[in-house]
Amino acid sequence: MKATRIVQNILKNYEGETPGVKANLNRILMTGKLGGTGKMIILPVDQGFEHGPARSFAPNPAAYDPHYHYQLAIDAGLNAYAAPLGMIEAGADTFAGQIPTILKVNSANSLIPSESPKTQAITGSVDDALRLGCSAIGFTVYPGSSMALDMFSDISAMREEAARKGIATVIWSYPRGEALDKDGETAADIGAYAAQIAALLGAHIIKVKLSTDHLSLKEAKKVYEDEKIDISTQAARVADVMKSSFNGRRIVVFSGGSKKGIDGVFDDARAIRDGGGNGSIIGRNTFQRERGEALEMLAKLVEIYRGKA
Amino acid sequence: MKATRIVQNILKNYEGETPGVKANLNRILMTGKLGGTGKMIILPVDQGFEHGPARSFAPNPAAYDPHYHYQLAIDAGLNAYAAPLGMIEAGADTFAGQIPTILKVNSANSLIPSESPKTQAITGSVDDALRLGCSAIGFTVYPGSSMALDMFSDISAMREEAARKGIATVIWSYPRGEALDKDGETAADIGAYAAQIAALLGAHIIKVKLSTDHLSLKEAKKVYEDEKIDISTQAARVADVMKSSFNGRRIVVFSGGSKKGIDGVFDDARAIRDGGGNGSIIGRNTFQRERGEALEMLAKLVEIYRGKA
Amino acid sequence: MKATRIVQNILKNYEGETPGVKANLNRILMTGKLGGTGKMIILPVDQGFEHGPARSFAPNPAAYDPHYHYQLAIDAGLNAYAAPLGMIEAGADTFAGQIPTILKVNSANSLIPSESPKTQAITGSVDDALRLGCSAIGFTVYPGSSMALDMFSDISAMREEAARKGIATVIWSYPRGEALDKDGETAADIGAYAAQIAALLGAHIIKVKLSTDHLSLKEAKKVYEDEKIDISTQAARVADVMKSSFNGRRIVVFSGGSKKGIDGVFDDARAIRDGGGNGSIIGRNTFQRERGEALEMLAKLVEIYRGKA
Amino acid sequence: MKATRIVQNILKNYEGETPGVKANLNRILMTGKLGGTGKMIILPVDQGFEHGPARSFAPNPAAYDPHYHYQLAIDAGLNAYAAPLGMIEAGADTFAGQIPTILKVNSANSLIPSESPKTQAITGSVDDALRLGCSAIGFTVYPGSSMALDMFSDISAMREEAARKGIATVIWSYPRGEALDKDGETAADIGAYAAQIAALLGAHIIKVKLSTDHLSLKEAKKVYEDEKIDISTQAARVADVMKSSFNGRRIVVFSGGSKKGIDGVFDDARAIRDGGGNGSIIGRNTFQRERGEALEMLAKLVEIYRGKA
Amino acid sequence: MKATRIVQNILKNYEGETPGVKANLNRILMTGKLGGTGKMIILPVDQGFEHGPARSFAPNPAAYDPHYHYQLAIDAGLNAYAAPLGMIEAGADTFAGQIPTILKVNSANSLIPSESPKTQAITGSVDDALRLGCSAIGFTVYPGSSMALDMFSDISAMREEAARKGIATVIWSYPRGEALDKDGETAADIGAYAAQIAALLGAHIIKVKLSTDHLSLKEAKKVYEDEKIDISTQAARVADVMKSSFNGRRIVVFSGGSKKGIDGVFDDARAIRDGGGNGSIIGRNTFQRERGEALEMLAKLVEIYRGKA
């Protein structure tokens, strides 16, 4: 697929990278209604692992079927669909080539004892991604966890293998663990730090949460205040994250968390756009809505990212 | 073996899978008195590892001999026989090709100290399964255990190897561990969650326990009540499990637990059938009965799954 | 070596096994004064690792020399000699081919802190066994230990490699660990359970201790009493172990423990024989006696197993 | 690049080493304004991992961009630029061949819980270094940590692979961990010990911190006093470190820690020079200054190492 | 190098071993002033790792230079020089082929927290030994440590690889750890046990400490007393160790510990000789003395082992 100039400029930032990885990034960037704009919307469906099927799918029972999500992502003109092995496999033939897919290769699970250290199970391989025609692997790290260093080492090794085999790497960088309180998990300084870690680990696409204006680490707080880094608005905080992602040399998408009012979703997208972010990765707010409503919402999001809403 | 239309439709759900795996699923689905119906009964004999030989076999001493189980499964017209390495090997020549076998590749053990984390030992390999002519490997995971993530990672790697080599994967998904109380292990929400995890891990056949109408996880309970998910009957709960197994795109068989009255066994099977489940995996209720009685019971179960009882 | 009918019938039980493994079992079964009878006596010398050299060899100082044990086993007409790497190597050229050897590939050590979990170090490999011309590897598992699952997994992998390379596997199944009290280690139900575990793990020859008439596990005790399993005599308990070893489809040898009066040794052997066991594995009771006395004792044991004493 | 006699003499100390490693050491030693003098200045930028982006780059926001550091190191005529994977990749094409690079293959992280044992995540591989055209890998060890032995083993294996593939190894030997108090981390005896460990591990370039005149280990303190080892000045302490680095047979560079007054930086360099050290590795003191000021400072440092200031 | 009859007889004890290993043992046994006598003196310099550079080398500062030790061992006519990777590499070209070298492949470190379990880091590989032209690898085990079983498994695997590649294995068997008090570490029964363990692990050369007449393990003490094993003199204790080393079928060298008076060193050597030991491994007592004095002392030791002093 011929890339637009915007996309070519983004790809140029991926220096030293294999043509295979660049081709897959190009595929994601040129697909769907935002194709060629440098913006993207990704549908992630890994909540069945983390929250169980009822909490994830009962509000919109059609979503119990893995085909539902493939079809929704295609019909809405999204850039990519991300899910764990079983979900990807369940539609791999039917939807082959219709939308770029991201194989989530590690998975959380809310059934493990709460006192267990925060980490995920590795549940897929780079070769699975190749076999299933995926464009990328997705991997979650938990900066702040006592298991964080192991997670960093694991994804470093998988990223190396994936890049060698022409597969891109998306890192979900989610602060969580013994070192962080609830406010810290979404603090502005920690969100920027999480993005920086993902970039240093070699992520091609970084996924972080939108943050609050809270500052958590004492030494970082001092710098934010001394240097007058603006974190007063969501857009300013997105801009700080982009700066922390190699000064915007990496693609960053933002997630919005649990289901919320539709205006909140739109406000989030505008802030991402205005702060220079690359887009949204939006799961529960999509598939827990009735299909028609979800398509309408996604169409509006496209408009926002195109600067028309 | 030529597949019936029902079986062909089931196999179509295994998208992206190797022909070897589909051939082995076909073998299991087309074997025995339920061959071609999409229903199945499996005989599992791994209790010697978990409970010891006396508790397992003394009630029907003929069952101390590994040949007994092969012969019983064949004579009863079952779909497959599942057991650990030693048991499979002990009849591997005598019964070669007479019934599909499932090599149980991890095993529990009730002699380990009770304070040890809940997990199993890996006691067989995919290459063992190939060498012994097995159709599938079987692997137990314990969602709820502090070892669950390790178990998920182990089976993910073994499933990848098995599928590559044309061997199907059966996952025993048994909630157990520090995070669960006794009621939680058989709660309706947790049973559905366990099935979802097995499906996401890439299981071709899912084995779960029949559940009670108890709801264990607070957040799931709220969803079950808000969305009015019916769990009032065993058949309704089976239907919820099937929905949680990719909306019925995966084969699910149910186990009934310790030996019970024969009417209970039949009631269970009718509920599995009525809820859309694929069948029973039934061990102690089979081999702890005298052979004639067991064959009679299994014949009746076949009738139930054929809708004639 | 042409097998007798008795030995041929034993080998038939090893279904699905490689010809190499069967050839090595045949070698062991056809060697020595009991060759061809289906009975066997094995000399194990691994006490230097577990108890140190003085406790093992000072009572009969000639036994400090590794050649002593080779020569004793050959002169006594035993079936095989089992020892750790260093001991086997020290006579590997001198006695090459004169007696089947079993390389003990893991080893205990009484110097480790008593609060350490009960396990052994892996101190030899299958390739060591091949290189040294051994017929089998020997591996100890400790059912009842918090490390038992790891030991099961280790021997499963080594057994697979050994069988693939034509080497037989002997499992020492010794209940020990945090879950067991002193009486439990030699209880009748636990001894039978230990034999069953070794059989399930794929052992070709099982080594267990003779047990007492104590029953240790509450649920097993109930079954022994309900089903009236006879454990009143040593011979009856041996028979229960044989039944638990795939109804006698596996070779089982019994050890007698620390040095005892010579009549006790003979009584043990008669019980093993009368209960259907395959023989004795007898270390300290052999090499801690003066050589002449030991040869005499072993000659008498041969007579017992031949039914002549 | 033809080596000067000084550099040839340094390279002669790397006995038994592959020509590839020597060629890469030569590249580093012959590059930049100090090329050929046997002295070197290295720019390390791994603080984003350890302290986060704001604390590292906000004081001089141009430094958020990975290109900034490449350009600064080139323009200042430094010998090498060291950074983690993401930073190196982000300029790998633009600056290919313009300056020797050192891939930092493990990384610290200040978000992990403070009670976690002190160690780093492995975040890059020797093959990454080859692919990206790096001259060396960089690895941090923490003598004094409960994880130190694991770190030693990890770098031993990586160093072996790197040398085999013609890549040099730089070891950051930073005393840190449960065994050391704050004064101990920079004590003179411990600094020399840290250098010795790096040398024994096979480091080609050793990076240690400048130390104080504190002596921490009781037994070492006694020897320092008995043997009257001079540690009264910074230069004397540098000399002691050089002696402890195989009597000066290994290249040692010194770091100065957090940002300090510019005179302090110069005094440090003079002490390193006068004590026989090979140079400075200087991060925050460089990139947290405005570019013009940093270039001026680096020019002065070059003068100092050339003995002209 | 043609072997003397004495050396040929020693080599015959290494049954089943590769010609490469025997050739390297021959090299060590035929080198230096004791060449051909079956006796040997080895210079070990690994104290920099365990005690740091000042405690090791400051008493004789020439010893900071790795070349010093090579030259000393050559000039004194010793049989071999043993050191960690960095030390061996630093003279690998200059002294290539001039003296057999032993690469110490694991290393202790006195900076790790005192509560850490007693073990060492693996800091070299068999391939390093090959590359550097070494005759043997050296590995320390700590019988008595909670890590002992891991150490045994590690050296078992390395020994197998080394022997396959023609490299001999020297095991430093040093009782240390939670299970032993200070007296136990040098007790006569434990020293003999340590030698036995090394022999069973397949060591070609065993290094143990000289022991005291203390008996530490209750059950061993009883045997020593019952069997009247003579441990009253150092020579008697050496004889007990030799007996415990496969009745003298293995080469055993003894270390004397920290620096002591020169008469003590000579008395130790006479006891080793009279007890049938193979020689001394003598580090601090050599290189902490001034070179002339050390050469004189070593010349006298040679005389002692030749029976002339």
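Quick notes
Going in written order, the chains are labelled A, B, C, D and E, and every chain counts its residues from 1.
We adopt the following convention: a residue touches a chain if its C-beta (ideal position, glycine included) is under 8 Å from a C-beta of that chain, and two chains touch if they have at least 3 such contacts.
Keep in mind that this is a model prediction, so the values were computed, not measured.
In summary, no chain was found to touch both subunit A and subunit B. Number of steps on the shortest path from subunit A to subunit D, with steps defined by chain touch: 1.
Shared residue numbers account for under half of those found at the interface formed by subunit D and subunit E, and the copies are therefore classed as meeting with different residues. Subunit B and subunit D, compared by their mean Cα positions, are separated by 58 Å. For the pair subunit D and subunit E, the distance between mean C-alpha positions equals 36 Å. Shared interface positions of subunit B, i.e. residues touching 2 or more other chains, are not present.
The chains touch one another in a closed ring; read from subunit A in the direction of subunit D, their sequence is A, D, E, C, B. Interface residues of subunit C, counted against subunit E in their complex, comprise 48-49, 51-55, 58-59, 61, 64-66, 84-94, 107, 109-116, 119-125, 127-128, 131-132. If you check the complex, the residues on subunit B that touch subunit A are 13-17, 143-146, 148-150, 152-153, 156-157, 160, 175, 177-180, 189-190, 192-193, 195-197, 199-203, 217, 219-220, 223-224, 227, 229, 240, 243-244, 246-247, 249.
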